[in-house]
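Take a look at the structures below.
Each of the next two complexes has chain A plus one other chain: chain B in the first, chain C in the second.
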Partner chain A sequence: MYDPTVARLTYRALLGRRRALILGALPLLLIVIAVAVRGLVGADDQTAADVLGGLALATMVPIIGVIAGTGAIGPEIDDGSVIYLLAKPLKRPTIIFTKLIVAIGVTMAFSAVPTFIAGLILNGNGQQVAVAYTVAALVASIAYAALFLLLGTVSRHAVVFGLVYALVWEALFGSLVAGARTLSVQQWALAVGHKVTDGDLVTSDVSLPTATVLLIVVTVLATWFAGQKLRTLTPTGDE
Partner chain B sequence: MAVEQTPAQIPAPAGAQSRIHNIGYRSYDGPRLGRAYARRSLYSQSLRGAYGLGRSVKSKVLPMVLFAVMCAPAAIMVAVTVATTAKKLPVEYTNYAIVMQAVIGLYVASQAPQAVSRDLRFKTVPLYFSRPIETADYVRAKFAALASALFLITAVPLVVLYVGALLAKLDFTDQTKGFLQGLVSVALLSLLFAGIGLVISAVTPRRGFGIAAVIAVLTISYGAVSTLQAIADAQGSGSAVPWIGLFSPITLIDGVQTAFLGGTSAYPGGVGPSTGEGVVFLLAALGVIAGCYGLLMRRYRKVGL
Partner chain C sequence: MTTLNIDHVSRWFGNVVAVNDITMTIGPGVTGLLGPNGAGKSTLINMMGGFLAPSTGTVTLDGQAVWRNEQIYKHIGIVPEREAMYDFLTGREFVVANAELHGLGAKAAQRALATVEMEYAQDRKISTYSKGMRQRVKMASALVHDPSLLLLDEPFNGMDPRQRMQLMDLLRRMGAEGRTVLFSSHILEEVEQLAAHIEVVVAGRHAASGDFRRIRRLMTDRPHRYLVRSSDDRALAAALIADPSTSGIEVDLAEGALRIQAVDFGRFTALLPRVARDHGIRLLTVSPSDESLESVFSYLVAA
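For the complex of A and B:
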């Protein structure tokens, strides 16, 4: 199910040249903000939860997820070089699974790790806030990577649709319509984070069993469907 | 068949030899349209391309949907104002773009890479410069095209609001003043966003990566700035709030229009920059636009070869 060569190629496509630097700029900004906030406010649990929830989990994790998830397969389909990969005697689900593993790894490395560091800077993990949001970021990374990898195989505008989901659906509709929050990766991840720490600062609108089931269903379904999609892929030129 | 003689076998007289190669090509001696025409064409094609006109149906969908999403709230607000005979519009002209910034961000993120990345990826940039246009022409045409496209998407809703306001018999001078202020503010916003979008997407030949990078810069900077502002406001250091606003494009525009264009600030606490501070905001906005232009020029001097 896992092919090291495909994994190596995907890592290179995602992190090669200066791309790793650009991906690294976001987490760096989060840490800089954490330092600034700590300097302005001092260690305050509520502020730490606000910054981590509003900036790290709601904005940074989805954006890194979109870049890593769609970036793992999208550009190859876009410029047609995916043909050379598909022509090799590899099962299509194997390709998808390998790319998913890589995308998850990259998303976790660039979102969960800085979230933890920022949490430590903000309030030294008081009330387990840092751990809760790190767990949420880890969980969210898996679901986002699977979801956006699927988008990458389905549409050529995967990045835009991914961002519309992440920013418009989760942030905008989520804050206006309560029902939208049940169908949001962010809330499912928060439910898991809430369970881990049992604190009052990290709360979710979704109960833990629902969240876990939905997370697993979405991840597995998205991966399976992406594999199916890759089996029937018709390579098209750029318009 | 064997007796057929080809012209080559006839011993040709010396002067007629050149005629074999003359197959009737003629050199062009009509009027040449020149540099200005090429620049204009590049501008109009890029502008059309920004809305998917002259491209496939698939690529029309996204810009048109975003355009509709941008205009729909304005139409709804007008309908509500006319129906309830309200005394004023539910939103100020200058505030409309700030409220709808997510849509504007998505539009610039999807169309800026469209304008420049493909030329880079397919290495067609040198072909442009084989025409009588210079680096500056290419950069200016692309910059102007994207800024115009952005101006269209931000100004049309304002026109809808304005017409609706007049239909609802709101005060004419008041509305006209607000409308013109709104237009100036979205013109500045268009230039600023176009510059930032183009600089980022001209760096990478990969369209998808360009989209994500543009949106990341716009949202993350806004998220960071508004978080810091909220904290500064809650901590009682309200005087720092406007200064933090300098560091993201949309709050920069917000600051400029609060100071000069009679807008009400969307900053936490509602305290925007004063007129004096506003000068700094305006200079910063113009500086960023000029800087983007300079960076684009530098970039294309390199890739145009």
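For the complex of A and C:
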């Protein structure tokens, strides 16, 4: 199911200079903000939860997910170089699964790790806030990577759609409209995060069992569908 | 012995028919797939390579279906037309990756790089390669698993004459070794120099098939049309129509010119200046009006 060569090619494409800069900029910004907030407000659990919830989980994680998820396959399909993977005796779902693992790894590394660092800076993991949001970021990374990998497989405008989803649906509707929250990766991840903390600093509108089922269903379905799409993908020619 | 069978294959995109009921058999040796741009060559090659499902008909390689059969790539090497190829890798890294994807190692990659004579630049980034070098590394990636069928989509596009010759030598060698090599091109001379066997595709249809000499003859023997302006169009017309090399002349009053159809190309080109001189007529314009490749091809379709 996992091909190390496909993984190596995907890592190198994802962590190429320009994309690595974008991937690195957001976490850096989060840490700078965490340092500034700590300096201005001091160690405050509620503030820490607000920053990690509003900035890290609602904004940074989905954006990193978009860049890593769509970037793991979109550019190859766009420029046609995916043909070098497709013209091999290699199961298409293997290609997708490998790229998913890489996208998950990159999303986790660039979102969960900085979330944890920012949490430590903000309140030294008081009330387990840092750990809770880190766990939520790890969980969200898996679902986002799968969703955006699928988007990268089906659409040429994956990045735009992905950003619209991340910013409008997750960040805006997910915070304002109650119904939308049930269908939000962010809320599912928060449900898992909630389990980790002791208090009420990390809460979710979705119950843990529902969230777990939805996370698994979305991840599995998106990955399966991406594999099917790849089986019938025609690399574009110049003609 | 590897044979690619295309059996009554059609492919349409919405209302547009890109490939229309084509049947052909590609055997060992070098075959040229000739046709003007937009004739459906790439669509056909995509179907041969298993990247596109025929709307109707089947493509098989030695009896095995090509579509939705990943294992078939053990026998097929593909050189795509597009340039993009993991530019951030070195040539060697790229070919090694291709070898690994076939379950092979660095040794197979090195052998393929040697075959295309790219060892000298193998440690440079692909982004620094010239068009010809890219083409050769693409070839190496397609040859790495020693395939019995090689499919190349417009491999000579944008190559300089020296690179073109090198690639032709290489493909000839592949054909002589008994591989089935198919390449597409819209340039007759390219196909003629390389392929003993030609398949012509025009407007999605299979227009001609066979030995290049026969197809070349069909092409030169076709009626040629000329637009001629002279100091005395009617006198010239009268003198020309007397000769059997001319099959029809129209006096185009609006254009102020003669539209001449010649059936014997060689004889007519010698006749025209002689007749004009003998009758004291000045030739002002002599221009072939259907030399475009498309018209040559559409003649072939009708033939």
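Side notes on the structure shown:
The criterion applied here is as follows: the second predicted complex is superposed on the first by the 233 of 239 C-alpha atoms of A that agree within 3 Å, B and C clash if a C-alpha of one lies under 4 Å from a C-alpha of the other, contacts with A are read in each partner's own complex, and residues count from 1 in each chain.
Basically, a contact is a pair of C-beta atoms (placed from the backbone, for glycine too) under 8 Å apart; a residue touches a chain by one contact, two chains touch by 3 or more.
Owing to the predicted nature of the structure, the values given are computational and were not obtained by experimental measurement.
After alignment on the shared chain A, the placement of chain B and chain C results in a side-by-side fit free of clashes.
Legend: residue contacts after superposition of the two complexes on their common chain; A:35 is shown touching neither chain B nor chain C. When both complexes are overlaid on chain A, the residue A:178 reaches neither chain B nor chain C.
Contacts of A:92 after superposition: chain C is touched, whereas chain B is not reached.
In the superposition on chain A, A:16 makes contact with chain C only, not with chain B. Of the two partner chains, neither chain B nor chain C is touched by A:208. When the two complexes are overlaid on their common chain A, residue A:79 makes contact with chain B and with chain C alike.
When both complexes are overlaid on chain A, the residue A:221 reaches neither chain B nor chain C.
Minimum Cα separation between chain B and chain C in the superposed model: 6 Å. In the superposition on chain A, the residues of chain A contacted by chain B and by chain C overlap at 79, 238-239. Residues of chain A that touch chain B in their complex: 19, 22, 26, 29, 33, 36-37, 40-41, 47, 50-51, 54-55, 58-60, 63, 66-67, 70-71, 74-75, 78-79, 156-160, 163-164, 167-168, 171-172, 238-239. Across the complex, chain C meets chain A through its residues 37-38, 41-43, 46, 49, 51-53, 68, 70-74, 76-78, 80-82, 84-86, 88-89, 97-98, 100-103, 141, 153. Taken in their complex, chain A has these residues touching chain C: 3-6, 8-9, 12-13, 16, 79-81, 83-92, 231-239. Interface residues of chain B facing chain A in the complex, by the touch rule stated above, are 55-56, 58-59, 62, 102, 106, 109-110, 118, 121-122, 206-209, 211-213, 215-216, 219-220, 223-224, 227-228, 230-232, 235, 237.
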